[in-house]
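For reference, the structure is listed below as structure tokens.
Each chain carries a letter (A, B, C and D) given by its place in the written order, and its residues are counted from 1.
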């Protein structure tokens, strides 16, 4: 018994070595995929991972990769756990990783300081540290297409456009963790400037399925609008509780992690009218998504349940993959090489252009707003639009609403300066 | 009953000193149940004192009062000329009272020598900082006490099981280890709760010999509870008899054996 | 200083007085979550009573049973058939636990058994995710014919909303408790269960082996877990994060005592209502969101003054 | 044949009381130490890519060994169950962050050692109820500590210097001109630093458990009433166990964030991690320092091994392997409790006993 175990362990150890030390074949683009299909937030992690994976696999199947080089994906399960994130990072970075998409704010925070040392860029798309949008301070970290603070400013703009903000009471219900608390400074700054009143409703991470107290408080405070920064099982529970106190759904706005099919399908009709922010197109009516279905899903190479293809989080995973692919091809053009390095990838991320014309070429016309890689602006100038749940699916109800850059930029820069302050090694960093 | 306030000479010629501990009108209750009612007796320096009585007589409760684990509702405990206030058990241990237990209370996860060493805890004074370095004074202290414990182990003839975890020892040996642990405390007063319960004749003889030796060599005062009358009559200098929590008699073994109340209540039942 | 005294001692009560309808709503919400805590605690008590085991896996059993039910239904099994199969699964689980774990750990110290149930928790988490996937699932509320509407009561111009699902939860919990009480007092097996709590030998005289007793209690705890899983799942959803909420049953047990069924219920209600009142009326003093620890701290303070719980017997230490 | 105590005579109690009285054991330890000090920092683990071996295996294993020793002092040696380990590690980490913010010029090693004392104080505070509360009731008390501290790590913004991300981000610190914290630190430097802490703390723990203090803990564990009647002060003894245990947890928490993770949110200190550390202690062996080493190494590397084994040898999806290793660890916990409640350490002892008389049967 013991002997067998030891032999087995040794074999495995040898196998690990063999695989890690395997010389990287020519013309391969190695992209590690830190995903989570287990743990408390698996419900959101699964469709995102599927979308990301399927788009890149589709490029392999349809075009033979990007610029003639095949994309090699390696998925590593993090369970949304920062400690496992380190393990995944270390297991994959030696294989020529081009870019990390950590899919978790906690893991992003750990990777940000590592990125300049290992020269592998981090793309935290729509999560992570808002301050990382300041490219001059964070040359290796990207928050395309926009940051949490920008998103919040767009949401406030939306409310302003739909009935006015002045004199209103805005309720903010959030996951009581770094992620949910991040927009608070912005809200506190804007409240007096824009003349609205603020009421906060924190939801503890482990209490996210028991929110009746928070919603009783909402009932007591009687806000005109509710904004939610939730994730995982928190979202559906919040919508159900809102329905219980008869809060008007069309006055309830979730951020882009709080308005996916995974959150609304369980709620169904109850959630009718619920509004969500989003930055990636909904549905399968895009040629590129059709290609995914054709080349990957129907070929049996996807883990996704076919009915979830085109869902909000699936498409967001696709969008993440599109940015990665576009940056790779930009880097290939700039260096003239098929197989690029992490440093080349950073160049690509700072120089790609994803305008409507290019989106059309990709078969994603109208999928999202314009996005442009930039050395200074790692937010990329993206913006969010709004969608509404009709009881069974999301419907787009607004054009992209640009963030209040004038308000957000100084905040970002202040936060970036604070981050840099106690890190002597960061002082000399700059973009380009 | 002879007056023994100033000490007396025991039957075997040992000189017994003055009063070490005195129990005055002890009454102990658990909720509504009265365990001990108005019991008074004393224990002299150097004496072997026995407390006997049938099951449920309140003997173990009495022992627990003596070593401060139970606090009686009424009555006073005098120790070495002073009234003893209610205090936590560890302070009573500090005063020099050690005991063994009816249902062996050894530290099962430790070896014999470690168990005996626990008896020295109170005497080890080197502070935490020295302890974590385990150098200089702390190590010297450890060695000093270790030596003393090895002597006790030799005395009780349990060298062979020195490094054996006590959980795996036979019952008789466990009892002996427990005695060793109590002796390691170098007590003024040693309380033995049924030291011979569950032993065969041979083991009982060994244990009796050890008890007499302890009393003789170290001059330790001993109070013991025992069920086996014959043993008590051989060992004890004086005997107090309890029944249903009440005191039936107090005197030398001969006196007690002749006491009619005792014969009725206890001996009569037993024999 | 007077400000603090006012905030702590006067203002909350003033608020209760000023908005009576809201106050009633808070009490009702507290009552319903109290019932759910009590249900989970009940599972702990059943097992603790019969075998002295502190079953840490009770929380994950709630999730696991809920997932099984939903998972089976997703495979196309009709709701009530799925319910029966789930009961079967819980029985198999109880049998396996007895056969593979408990039987081999007889006479081990309590702490070892407790740790074994933590191991069991891991097995059920991993197994549950493996079989059913990690996504949040919605409970098949309508299919199980659990009402989902709400009723409104308007006392004196105010408004109090009662969700039918909450009323159903309270009723089902009450039925379950009455059912268990009848089971314990009226059936032979039930009486044996009570006997075994006092004396392991006694059960043998009734002609039921200890092993069977264990299977039965674990199965009973499984049923309680299933009911808790359905009710909680219907109120929010079935996901693995429920497992941590289920830990709230521990402070409930501390209040009620580990061996007392009425204690579990009263304890559950105290925690449920107390926690809501504290969160709503005193929580703002702490910046809200205090529900995560309030119950535990209350239990801790309570323990310091009454270590045996509300209904437990005073512990007399013997040597 | 080679493992014999025959012929090794002890001429003093000092010799008898050594941590490793048998010569071969001492030689074995010396070899392990030599490998850990002179081979691993330069070559990593045989067959593994160097930075992976260091950053994903060796450094966390060393750090978690400190945690496991600390938790073992409380659970294994003193018999008090705790589910608050994660939070106590957090106290150490946040304390370290605050101290190094206030005293940026003080050597980080001193800061880490000092932050352990903050954790020890908090641990002792939450240990206070242990005087009145025993067994499973204490589990609830430690959960109260866990959840209350988690709340503090989020709500008391002062703890993370009002950082909008709510996380602590480790500043770069140098010791004798070598960068030891932050991403720029060499794996070897970081490894040797945590190893230094481990060796120091192991020696101290070994000294404590063999002396008066450790005996007091074990007395409380084995029979608290008898211990009290022998003169052990329960409050002082239990609190010292809580304090020492929390000190170890605090130091390991500070090391975890500063030397290993580089940044941390409250998630790194949550209750699930507390379970993980408890598993290390159970698996390695309650009341054994050697066991803490084995337990930490096993519980940390097992899922990694499973994942890689599944992927490389059988081409199984890593997600499935993740769940399989959860199940397997749970099952192994139950299995080892049934077969040998004292864990790997006891098994190792049995092997040694066999060796001692080998090649004879008895």
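Rule of thumb we're sticking to: a contact is a pair of C-beta atoms (placed from the backbone, for glycine too) under 8 Å apart; a residue touches a chain by one contact, two chains touch by 3 or more.
Small disclaimer: the values here were computed from a predicted structure and weren't measured.
Student: Counting C-beta pairs in contact, which chain pair has more, A-D or A-C?
Tutor: Output for the comparison: A-D.
Student: Using each chain's Cα centroid, which is most distant from the centroid of chain C?
Tutor: When every chain centre is compared against chain C, the largest gap points to B.
Student: Give, as an integer number of Å, the spacing between the C-alpha centres of chain C and chain A.
Tutor: The computed centroid separation for chain A versus chain C comes out at 36 Å.
Student: Using CA atom averages as chain centres, what separation in Å is found between chain C and chain D?
Tutor: Between these chains, centre-to-centre, one finds 33 Å.
Student: Taking the mean of the CA coordinates per chain, how far is chain B from chain C in Å?
Tutor: The separation of the two C-alpha centroids amounts to 49 Å.
Student: Scan chain B for residues touching two or more other chains and write them down.
Tutor: Each of 69, 101, 105 in chain B touches at least two other chains.
Student: Got the chain C residues that touch at least 2 other chains?
Tutor: Each of 129, 244, 287, 289, 292, 319 in chain C touches at least two other chains.
Student: Spell out, as numbers or ranges, the residues of chain A touching 2 or more other chains.
Tutor: 37-38, 176, 204, 206
Student: Along chain C, where are the residues that touch chain D in the complex?
Tutor: 54, 100-101, 104-105, 108, 110-112, 114-116, 118-127, 129-130, 244, 247, 250-251, 253-254, 258, 286-287, 289-290, 292-293, 296-297, 299-300, 303-304, 307, 317, 319
Student: Going by the contact rule at the top, pick out the chain A residues touching chain D in the complex.
Tutor: 8-9, 11-21, 37-38, 75-77, 79-83, 86-87, 90-91, 93-94, 105-106, 109-110, 112-114, 116-118, 129-131, 176-179, 181-182, 184-185, 204-206, 415, 418-419, 422-425
Student: For the complex, give me every residue of chain B touching chain D.
Tutor: Interface residues on the chain B side: 67, 69, 88-90, 92-94, 98-99, 101, 105-110, 114, 117-119, 121-122, 124, 126, 128, 131-134, 138-139, 142-143, 146-147, 150, 181, 185.
Student: State the interface residues of chain D toward chain B in the complex, per the touch definition above.
Tutor: It is residues 12-14, 16-17, 204, 207-208, 210-213, 215-216, 218-219, 221-223, 225-234, 240, 287 of chain D that touch chain B.
Student: Quick one: which bits of chain D touch chain A in the complex? Just the residue numbers, please.
Tutor: My answer: residues 46-49, 51-52, 55-56, 60, 101, 104, 147, 151, 154-155, 163-167, 169-172, 182-184, 260-268, 270-271, 273, 304-305, 307-309, 312-313, 318-319, 322-323.
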